[in-house]
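Per-chain residue numbering starts at 1, and chain names A, B, C, D and E are given in the order in which the chains are listed.
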Amino acid sequence: MIRGRVMGEVWATKKAPRLAGRKLILVAETCITAGAERPTGRVVVATDLLDAARGDTVVVAFGSGARNAECPGSRDVLVDAAVVQIVDGSSTPGAD
Amino acid sequence: MIRGRVMGEVWATKKAPRLAGRKLILVAETCITAGAERPTGRVVVATDLLDAARGDTVVVAFGSGARNAECPGSRDVLVDAAVVQIVDGSSTPGAD
Amino acid sequence: MIRGRVMGEVWATKKAPRLAGRKLILVAETCITAGAERPTGRVVVATDLLDAARGDTVVVAFGSGARNAECPGSRDVLVDAAVVQIVDGSSTPGAD
Amino acid sequence: MIRGRVMGEVWATKKAPRLAGRKLILVAETCITAGAERPTGRVVVATDLLDAARGDTVVVAFGSGARNAECPGSRDVLVDAAVVQIVDGSSTPGAD
Amino acid sequence: MIRGRVMGEVWATKKAPRLAGRKLILVAETCITAGAERPTGRVVVATDLLDAARGDTVVVAFGSGARNAECPGSRDVLVDAAVVQIVDGSSTPGAD
């Protein structure tokens, strides 16, 4: 899993049928350098069942972890990244 | 999933038999820096069932997500990346 | 698997139900340059069943390796990264 | 999948038994900057059933995609990367 | 799969029970620039059933490839990276 900040929502009319009705958001991965949180430059597109808002710090799971966040035990979910936590805080200085 | 821009199509006469008839495109991953969309330098090759055109911003899914975009529930699909959305817009400034 | 240092714990009230009760930690991946251990800038979020403390050097497994660390043979675990070792030492100078 | 150039073959006498008889090649991933194809610095080791020659531009599939290129539907293939196309051309300037 | 050089072994007393008895090594990924092999800065932790020595050039497989190197067809192996070849040579200048 990675930690990142929510940048906003993406929308589309042309999409794989199995994505219909899903909220997709852009998340900018972050790291901590010298006590300050910074973007790494990597941006992922994830589904969001937790209703994260722009600017929230979130944890994103990938692969089967994301499938299981969407639908436990399912094998045919299309998404490969999902928000699994909206972070309240951490014990790392500068990390929230 | 990642977001990127369609660079063009690749073609081949020598290929794995199970790729026959599939359209493969090059997608340049993008990030947003200072409100402007820029390529990260990573380029992926993805199948395209949505008929994306050069210059389109798309969302690409990987692994089992891509397999399920091609054929839900299938275990023997060869591709590991597939276009799952042609992006109309987003709530992130500079992201479209 | 990667090796990294524990930066601290993350907590959240809003999370995927299947993450309830799990300890999640931030791990900064490290490499060795000129005999000294340095962070690569990549930070992962992993579950921790071994009770690692801040500053510990740990080994993190991903994907099905992480699922099997959580629950062997299970197919519906949500996490995609798990601490599988707290490193005591290594035969690489500067690596501990 | 990624696109790259074939650098050459690797050989070994000491190997996992299930790799016996397989041709393994080194592929340098490429991107396109300012219309020119350049190596990204990432090198992957892939199996090659298509008999690619040094200097060829190829498409490499990973994970289950690679397993299915080797043996469709199989679950116990050892390789995680396989050449699935030898590229003839593309609609991207400078990409061949 | 990637190619890299063996840096040394890591050991631990506190580990996931299913890792007991396994040898874990650090492998520094390498690329070739201007005919010379160089580390990319990425370091992976892999199991080693081939008894690789420090300084050896090896091929490392990931994910299900690594699981199948450990135990063919198994679904509950904890490791996600395994040495599958000790490289004798290659047809790429500067690559051994």
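Simple rule for what comes next: contacts are C-beta pairs under 8 Å (C-beta built on N, C-alpha and C of every residue); 3 or more make two chains touch, one makes a residue touch a chain.
Because the structure is predicted, anything quoted here is derived from the model rather than measured.
Enquirer: Counting one step for each move to a touching chain, how far apart are chain D and chain E?
Expert: The fewest steps needed to get from chain D to chain E is 1.
Enquirer: Minimal path length between chain C and chain E through chains that touch?
Expert: 1
Enquirer: Distance between chain A and chain E based on Cα centroids, please, to the nearest Å.
Expert: That gives a centre separation of 30 Å.
Enquirer: When the C-alpha atoms of chain A and chain B are each averaged to a single point, how far apart are the two points in Å?
Expert: Those two chain centres are 19 Å apart.
Enquirer: Note the residues in chain E that touch 2 or more other chains, in rising order.
Expert: In chain E, the residues touching two or more other chains are 63-64, 66.
Enquirer: Quick one: ring order starting at chain A, direction chain B?
Expert: A, B, D, E, C
Enquirer: Please name which positions on chain E make contact with chain D in the complex.
Expert: Chain E reaches chain D through residues 1-3, 30-33, 40, 49-50, 59, 61-66, 68-69, 72-73, 82, 84-92, 95.
Enquirer: Under the stated contact criterion, what part of chain B meets chain D in this complex?
Expert: 7-16, 18-19, 24, 26, 28, 41-46, 54, 63-64, 66-67, 75-81
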